[in-house]
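After this come two complexes, each holding chain A, first together with chain B and then together with chain C.
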Partner chain A sequence: MRKVLAIITLVIILLIPTFLFDGIMPSIGDPNSAPNTHVSDYYIENSVEMTNSPNMVTGILADFRGFDTMFETTVMFLAGLGAVLILSNRPNIKKRFIIPRNYIKQRPNIGAPRYKTINKDVMITLFEPLMMIYAAYVYFHGEISLGGGFQAGAVLGLAYIIDVMIVPGRRKKLFALDKGNALSIGGIGTFIYALTGILTMTGGGLCLEYDKLPFGLSHAESHSAGILMIELGVTICVMATIITILNAIMGRVRFDDDPIKRREDA
Partner chain B sequence: MPSLFLEAVLLLILIGITLTIIFGKDLLTVTIVYCSFSFVTMFLYIVMGAPDVAFTEAVIGVVSTIYFIMTLKTIRRHTK
Partner chain C sequence: MTSLETFLAAKGIYFLTFLLLFLGLYGMITCGNYMKKLICMNIMQVAVIFIFLCLAQKDGGTIPVLFSNLRNAEDYINPLPHALMLTAIVVSMGTTGVGLALLTRIKEKYGSIEEDEIIERENK
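This part shows the complex of A and B:
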């Protein structure tokens, strides 16, 4: 049954681009196609004044093509969901914690520093706030500089990853998210994006038509506010997806090479 | 012309890195070399004039390397 379904899906995937979109989509490299004749020039000439975003990439990605980006965010969320569904299919998953429970008991001097020099935990403690501030910078300057929601979310996810690497007892972790919570936060990020579209529709416009945001802003301000709102959704979704995949992989990690655990086994 | 020369050098480095990844025996080494692949690709994007793609590549290269190393911890093999 699975093989039949897979073959049917493959046939559909192969047939749709060849027959259904034939004549609608331009062929690759066609000099008379719409992007090569007038669409690119239109974006280059009008992007700055229409979207109030000096970075043309952000202007196209978040404003002209906002509907595409909404479903790209959904695809990111689905990637995290798929990773959880595939990787967490283990019956005794709850017994396998990230850190063995008797890890802290076996080391009475757990709070004391082991080395006199700067070690990993100190480096993480120093770096983590800087990374978060940098992520906020990347997010808020997404329309001016390079970067944007995706990069800011990835840097935030990295900050969480290095926070996980801290040995317990040395310092309290900033925040801990299990798989379900991280996945829910990813869904919230996607929802914020869709909510922006709904807000513009309640203002009487089309979906993601930022001029119709019901805040009483001017043309430039409403476009900046709309881009910031959808990039907030993208940031949250990407950060939560990275944390979700990390948790899904870490749920399967066996700490066999842990020296204390190995001594206990022997 | 100097930009073309730079691109050629970076692409040659990429070919060398790819061969190292294909024929490497230690999986951890291969993972680190894969990280350097992403690093060189970042420079290639900068030379081609796409700094935002380069930024994304740098961040995602680090994240994927961490994923690979975590996955290496879940399996027991460390050589091919």
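This part shows the complex of A and C:
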């Protein structure tokens, strides 16, 4: 069955060039092709004046399509919530398929992981603050140059993942978030985003219409402030979601060569 | 330039991105290990992102960050697919996380994430 499917997939791959000859897909680099005209020209010509963000991608993401990004952030938070909920309950042990002990013994014993090449504690101590400074730079430069909330959150989450790799007991972790705290911080990030929309509505505008922020700012200032606020929400939400998923999986996963957890099953 | 070179310059990158897309699809169909299936799904998502970024390319255009001496729409590449794909990357990370959580549950229940072993234990 698998071989048949493999052959069908290979035939489809070989048929791709025939689709390309017909002009279904536009040529690369054609300024007059359908995706590069119409609304994108309007975005390029007007986004800097309208959003006060020299980076047009951030201008589109946070201002023109701010409502889209709000629910994108919510999807991210819901992914973390889903991972926690999937792994929250203990399954019925009687229904579980227990592997015989000799089956585990037959497998090659990998043993405890050993990192002989680098001194991990020193390198991580060196890397982590730099990564966090870089994340702050990426966040604050999201509207001026390349960067943004999603990337800053990913870098911060990566800093936490590297922090988890420290051998326990050698030194204190830089910051520790347990499962519930990380999830609530993700909710706070999503709330900051929604709060920006509510603030613009209290100022008398539509949701995420930054001109109506009730701080008495000028057009340019209010747009910058609004974009920074929602980017802060996105950063916190993405960072917390990464930490949530990592915590949920690490708290539940059971390795075959893990001696402590195996004793619980026996 | 010959006609083949013109064709490859205009459409050649599509072949590579579609190859990546179907490579992921092929892996999702044929792999027996669920972890490998998840990795192949990630490869497919990366291929979709590449296709959208190919569509955003413009000859003679620079990155969509404002330069004071460039004002025309032809001078910048299309920022809209970049903004859309930024969110797609994040969603792919979310699906990967939920997929890993499901894999953890499968491993707990069946003691394996190999498809053959799971079917064997389910039919026992």
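In this section, the second predicted complex is superposed on the first by the 185 of 266 C-alpha atoms of A that agree within 3 Å, B and C clash if a C-alpha of one lies under 4 Å from a C-alpha of the other, contacts with A are read in each partner's own complex, and residues count from 1 in each chain.
The rule we apply is simple: a residue touches a chain if its C-beta (ideal position, glycine included) is under 8 Å from a C-beta of that chain, and two chains touch if they have at least 3 such contacts.
What you see is a predicted model, and the numbers here were worked out from it, not measured in a lab.
Contacts of A:A240 after superposition on the shared chain: neither chain B nor chain C is touched. In the superposition on chain A, A:V57 makes contact with both chain B and chain C. Once chain A of one complex is fitted onto chain A of the other, the partner contacts of A:P26 are limited to chain C, with no touch recorded for chain B.
By the document's definition of touching, of the two partners only chain C reaches A:S40; chain B does not.
Shared-chain residue A:R2: touches chain C; no touch with chain B. Looking at the shared chain after the overlay, A:A159 reaches neither chain B nor chain C. Touch criterion met: A:L146 reaches chain B and chain C at once. The wider contact with chain A, measured as residues touched, comes from C rather than the other of chain B and chain C. When the two complexes are overlaid on their common chain A, residue A:R252 makes contact with chain B and with chain C alike. In the three-chain superposition model, chain A touches both chain B and chain C at residues 55, 57, 146, 148, 150, 154, 242, 245, 249, 252-254.
Against chain C, in their complex, chain A makes its touches with residues 2, 5-6, 9-10, 12-13, 16-17, 20-21, 25-31, 33, 35-36, 39-41, 43-45, 47-48, 54-57, 59-61, 65, 68-69, 72, 75-76, 78-80, 82-83, 86-87, 91, 95-99, 145-146, 148, 150, 154, 238, 241-242, 245, 248-249, 252-254. Those residues of chain B that touch chain A in the shared complex are 51-52, 55-56, 59-60, 62-63, 66-67, 70-71, 73-74, 76.
Of all residues in chain A, those touching chain B in their complex are 55, 57, 146-148, 150-151, 154-155, 157-158, 161, 242, 245-246, 249-250, 252-256. Chain C makes touch with chain A in their complex at residues 7, 9-11, 13-15, 18-19, 22, 25-26, 29-30, 54-61, 63-66, 71-74, 76, 78-83, 86-87, 89-91, 93-95, 97-98, 100-102, 104-105, 107-112, 121, 124.
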